[in-house]
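Going by the order they are written in, the chains are A, B, C, D, E and F; count residues from 1 in each one.
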Amino acid sequence: MKKIEAIIKPFKLDDVKEALNAIGIKGMTISEVKGYGRQKGHKEIYRGAEYVVDFIPKVKLEIITEAALVDQVVDCIRQAANTDKIGDGKIFVLPVEEVIRVRTGEKGKEAI
Amino acid sequence: MKKIEAIIKPFKLDDVKEALNAIGIKGMTISEVKGYGRQKGHKEIYRGAEYVVDFIPKVKLEIITEAALVDQVVDCIRQAANTDKIGDGKIFVLPVEEVIRVRTGEKGKEAI
Amino acid sequence: MKKIEAIIKPFKLDDVKEALNAIGIKGMTISEVKGYGRQKGHKEIYRGAEYVVDFIPKVKLEIITEAALVDQVVDCIRQAANTDKIGDGKIFVLPVEEVIRVRTGEKGKEAI
Amino acid sequence: MNTGDIAFMLVASAMVMLMTPGLALFYGGMVRSKNVLGTIMQNFICLGLISIIWVAYGYSVAFGPDISGFIGNLDWVGLKGVGLTVGPYSSTIPHLLFCAFQLMFAIITPALITGAIAERMKFSAFLLFTVLWSSLVYLPVCHWVWGGGWLGKMGALDFAGGTVIHINSGAAALAAVLVLGKRKGWGKESIHPHNLPMTVLGTGLLWFGWFGFNAGSALAAGPLATLALFTTQVAAGAAALSWTLAETMLQGKPTTLGAASGAVAGLVAITPAAGFVSPVSAILIGLVAGTLCYLAVVAKSKLGYDDALDVVGVHGVGGLWGALATGLFATTTVNPNGANGFFYGNPSLLGVQALGAGAAIAYSLILTFIILKAIDATVGLRISAEEEQQGLDLTQHSEIGYTI
Amino acid sequence: MNTGDIAFMLVASAMVMLMTPGLALFYGGMVRSKNVLGTIMQNFICLGLISIIWVAYGYSVAFGPDISGFIGNLDWVGLKGVGLTVGPYSSTIPHLLFCAFQLMFAIITPALITGAIAERMKFSAFLLFTVLWSSLVYLPVCHWVWGGGWLGKMGALDFAGGTVIHINSGAAALAAVLVLGKRKGWGKESIHPHNLPMTVLGTGLLWFGWFGFNAGSALAAGPLATLALFTTQVAAGAAALSWTLAETMLQGKPTTLGAASGAVAGLVAITPAAGFVSPVSAILIGLVAGTLCYLAVVAKSKLGYDDALDVVGVHGVGGLWGALATGLFATTTVNPNGANGFFYGNPSLLGVQALGAGAAIAYSLILTFIILKAIDATVGLRISAEEEQQGLDLTQHSEIGYTI
Amino acid sequence: MNTGDIAFMLVASAMVMLMTPGLALFYGGMVRSKNVLGTIMQNFICLGLISIIWVAYGYSVAFGPDISGFIGNLDWVGLKGVGLTVGPYSSTIPHLLFCAFQLMFAIITPALITGAIAERMKFSAFLLFTVLWSSLVYLPVCHWVWGGGWLGKMGALDFAGGTVIHINSGAAALAAVLVLGKRKGWGKESIHPHNLPMTVLGTGLLWFGWFGFNAGSALAAGPLATLALFTTQVAAGAAALSWTLAETMLQGKPTTLGAASGAVAGLVAITPAAGFVSPVSAILIGLVAGTLCYLAVVAKSKLGYDDALDVVGVHGVGGLWGALATGLFATTTVNPNGANGFFYGNPSLLGVQALGAGAAIAYSLILTFIILKAIDATVGLRISAEEEQQGLDLTQHSEIGYTI
């Protein structure tokens, strides 16, 4: 079991979700995060004062999947999320030791 | 050290927190996430247009704990979060290499 | 590759970001979380009823970095986030198996 | 006709209309975000429902030619005969303007009840309830007091509707929470207001509209309206202070919701008294209202009924206090057409006031109970437990309040 | 001079002013949060732009001495001669007060169009558009109907601006969405309102202000204003009900946005009729307006144009229905200075109403089209695709609506 | 008595009341979300505090029989003798109505100061400050100008309270920020408004209420109120435009907060001039106000004092400009009871205006400084650094603004 975390641009979420669906990934968890990196932030102005805001809204996807599928999932996300512009995001793969479905108590592959 | 991540239904949070407390878990971090899986989403209507919203509000718990306690914690969450309905959520167990308390610099077990 | 997760007090975010910048960390992802631990919560009053709210707003930082830099990053966060008060937070180190940059497909060190 | 009076009553009518959206926000801010639209909707839809009922038969039943002091007849159905000449209820404004002003009162009264039943009622049941309650409870009680009915004739003083509106809706709220039962999780989970600035905004709009409500009840732009406006302002202010003071003494902190609730309690309490008491009496009425309603709200938790947004504590108790306070503080020195109360040498008025209030409470309690039981037995009152978890917005309206 | 009339018109002017911030919130709640300020700003800035235009030349062009029924001349530029004595348009209020009241109408009309073009127009282009549209479309059409121009003379009834304001802005909206094109992702992504309570708040303020708008159009505090206030209230209420009923039948749920939209549709439809029809007719007008505008909005998706917040469906269709409904339901029994409509034995009025509406639609469509094409060819209309992703707030104003 | 005048003044009083909740939202939207309730509460509670003070002794001290031009005596304590007949301040409305109208002014003036001290003051200290400041600063200055005191007698023109309200609160704000010091993190962290739509809503309510404020200051529904309403509208609009224009030139973008701030700056500046200048002059006054106040706000950062929500820059500077502008643009052609200013051949008025403003500034600065120092030395002014991190809402009121 692996965990794939992907940080993507928010407006790409629908595309990524559909692409993952197409390759059989039917479960995931997402959250709103803010990213800091090479992509430059934006200026905000309030009552004559200017601020540079470095943190940019991103969406984080978390997908638990079998080890065998990792490459396919990573490729799929990469293609769907890519706009060829700085700030498109990153994908991280982490090891997972166990997965349990709350409702049934099933473990491992069965739990996904 | 292990990290337990649990995705549960938001209204179960209080129950889960109390159950964990009862078995001596006194620290955790939670966040609002949205889940996508077998549980079907809901319909929204705006000015005559209908949308199906697939992402369902969930709460994510993150608990760092000693390896020895993992099974107990997982069971505890399972019982407290279970409603026997699709969408009750998942629990993931991940390896953790180090834990540090910011305030004191304590590491490992001492840091929890 | 390692993943460093740090739970800190929200008002320390700017300090931590600057400190990390100073040691060459130029990318991270943050999110709003709520923490539960030794730090005691606060009382809220609504229409004559009192509630104790245990979950305290925190910020979570996620930083992917080379294994060699982990200690330096952890120390840096510790120093910048420390206020010597309960609730300053925790730092966790997790293993990461792969990192991919969405835009270019670069992997590993190149992707950060 | 008097253009000054008409000008004032036109604007007063508009101001009272605004109270219903104001109330929607006042209540909407206090519920959980998953119920914000459902709560707002219950208020907002009254603007539609009651407008139609009013024209169809409501105005006639409430204000039409009297039948034995209990109800108006159907002569004015479809507003037949309710025209643009000065009417039976005023000699300086068109009959239709009086009818418009009263329509706004008829709209907000059932809306007030929505605070008690918040977060758990089916929208269809709510619509049915509102039609029945308005027809069977509001219209008769309104007739008793203002339409030439027995209560008004008895000499009970109710300047702007303490009995008709606040006691009436407060009693209905009590019946409703007893029939409906508690929200899931009440007393266990913490059920917090999701947006208190919205509640304060609602309070501001209510306060503003209440000037139209109370001063407009003079039906003319003159000294009486002036008095009512002034007493309204200072009673509301005094009650806001007094609620926050009481909670500071008992719980250690003055809260914003307390200040807003206190203001509303003061506005409720001064409603029947506004044109009968002096400014200093108004302050006293407000000071008592703030503390009393606060204590009533605290008591609720102990009595164990789930009056979600405290309609009983604020409108019921505040309205009752206002009715009695009118019997205490009324004086003909400020309004020669009023009466003297207890403190001005006339203890009998207090009895009349209590009787009027008691009659309204009894009638409203019983009828509301019957109506709700009937609806429960037929279409059902409550949403399912699972729907309650999801919230009114999604389950009743397929919408959500906020998207970030 | 009549102090009652002046009192009423002062307040009515203030109430109509409040409609523009109300509209800003009504629209602001319906867009995505990244565009909330940009949307609000497009409305708010009209309060500045048009105020200056109005004093400079606008009032003169709209209401100044007539040139061949088409336009006013420049005699009153800088409000020269527009003073504090009773004016040509009323014998009981100062000329400047009429001018103030009309200014508020001139402000909100271009603001209405912002709903159609939401979420994609450059702010600089918007400013330019507003100046040109007000000058070349609003001022002439206003003159035709109210300033002594040909349409008013022809006998078309437009009590409070159905043609001048709603049909006019609705037609302009249609031209605008055709020229501007769709928002990125329209029809694919779900583009949801970000804050519906804000939209309901806006509705409440609009409804309140609309009393000033419609009743104020009587220019006096008398029976006519009373009638207009009453018909306004019941038409809005009926339309709110009817929209939610229609959607319940077609989509299974009554929505809060539906109730709010219905209310606005009812207010739009009653605008031209408010002082000419009976309360019962007003209810019928409202009931039809709610259903009709709902169907128009549903049809939009099928026709495939992106009228973001449904200006065409609500103001265009609702305004057109109101103009025709005036031709159907007008009766001299409620307003002897009005006329009889179709149902009162005078079918010819319907023709006049249709002609008036048609002329306004044609003129507004064509002129708006030309203006926008001209702007597009010079400074450009739309923000870039990337800016659209980021939102108006950051790209046009360097601000964000909310920080948590 | 004149019913038209009474009708107008009743509504105007209600409208000015609404300005305080409006101000609460205007300010509330600009602070960080952890301070939204604390900020709102500081404004809201003034509705309670000042209402009681006003009845108790405030009205008497401000408007009661004059003692040596400096203060009123205590004859009218408890509103003794302030009745429902026409009063010393107007021959067409009841004395109590004048008293009600003035009460609303007395409420909003200390509320204005809360913008300067936002996000760091103890609520208990705030209450104490408000009681003292109202009593020792507001009441005397009000008496000087309007209560028969020396400044009014000197011939200074202040139509609706530029000196009494804006210069006065602006000077107090300056003293307050000097005594209180900066917020933690000021100049380092970015301290952003948390909810700008709320600020725009507040602006809309302020603008609406300001018509009651300025036009109501005519105390009658006639030409003078008409003039004041018109100049108010166009000055506000012009200033909104001019602020955004200035910031576009200096910072590249027109902001929504800039438009809202500009509108308020224009409303402030026109306040003393509203009934004395022509519409065209009003536009000029507004245009200058928008730019000037924007520059004052920009200068603040450089001067290094933390006037959190720019009370000095907007009310102080805007109010001062308004007082001087009245000395420049006043003309008896629009108001024969006014005076001519610099541009109308009477340079001396400018001197009188400057003197009046200077006196108010000096008095307010010094007294406010002393009051705050005294409070600081006794109960303490500021919350602790840790409380400041947590925010006013939790630490002062045990509440939070929003729960998602």
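By our rule, a residue touches a chain if its C-beta (ideal position, glycine included) is under 8 Å from a C-beta of that chain, and two chains touch if they have at least 3 such contacts.
Predicted model, so just to flag it, every value in this text is computed and none were measured.
Undergrad: Determine the set of chains touching chain B that also touch chain E.
TA: A, D
Undergrad: Counting one step per pair of touching chains, how far is chain F from chain B at the shortest?
TA: Counted as steps through touching chains, the separation is 2.
Undergrad: Indicate whether more than half of the residue numbers at the chain D-chain F interface occur in both copies; give same if so and different if not.
TA: Under half of the interface numbering overlaps between copies: different.
Undergrad: So which one's got more C-beta contacts, C-D or B-D?
TA: Answer by contact count: C-D.
Undergrad: Centroid of chain A to centroid of chain C, CA atoms only: how many Å?
TA: 18
Undergrad: How many angstrom lie between the CA centroids of chain A and chain F, rounded to a whole number?
TA: Comparing mean C-alpha positions, chain F is 51 Å from chain A.
Undergrad: Touching at least two other chains at once: which residues of chain C meet that condition?
TA: 31-32, 44-46, 50, 94-95
Undergrad: Taking each residue of chain E in turn, which ones touch at least two of the other chains?
TA: 2-5, 7-8, 11, 15, 192-193, 195, 201, 205, 221, 251, 253, 255, 257, 397-400, 402, 404
Undergrad: According to the definition of touch, which chains form touching pairs?
TA: A-B, A-C, A-E, A-F, B-C, B-D, B-E, C-D, C-F, D-E, D-F, E-F
Undergrad: Would you pull the chain E residues touching chain D in the complex into a rising list?
TA: Counting only chain E, the residues touching chain D are 2-5, 7-8, 11, 15, 32-33, 192-197, 200-201, 203-205, 207-208, 211-212, 215, 220-227, 229-230, 233-234, 236-241, 244, 251-257, 259-260, 262-263, 278-280, 283, 334, 402.
Undergrad: Chain F touches which residues of chain C in the complex?
TA: 11, 14, 42-46, 50
Undergrad: Residues of chain A touching chain F in their complex?
TA: Where chain A meets chain F, its residues are 44-51, 53.
Undergrad: What residues on chain E touch chain F, complex-wise?
TA: 1-8, 10-11, 13-15, 17-18, 20-22, 24-25, 28, 36-37, 40-41, 44-45, 47-52, 54-55, 78-79, 84-85, 93-94, 96-97, 99-100, 103, 123, 195, 198, 201, 205, 221, 393, 396-404
Undergrad: Under the stated contact criterion, what part of chain F meets chain C in this complex?
TA: 185, 188-189, 389-390, 394, 397-400
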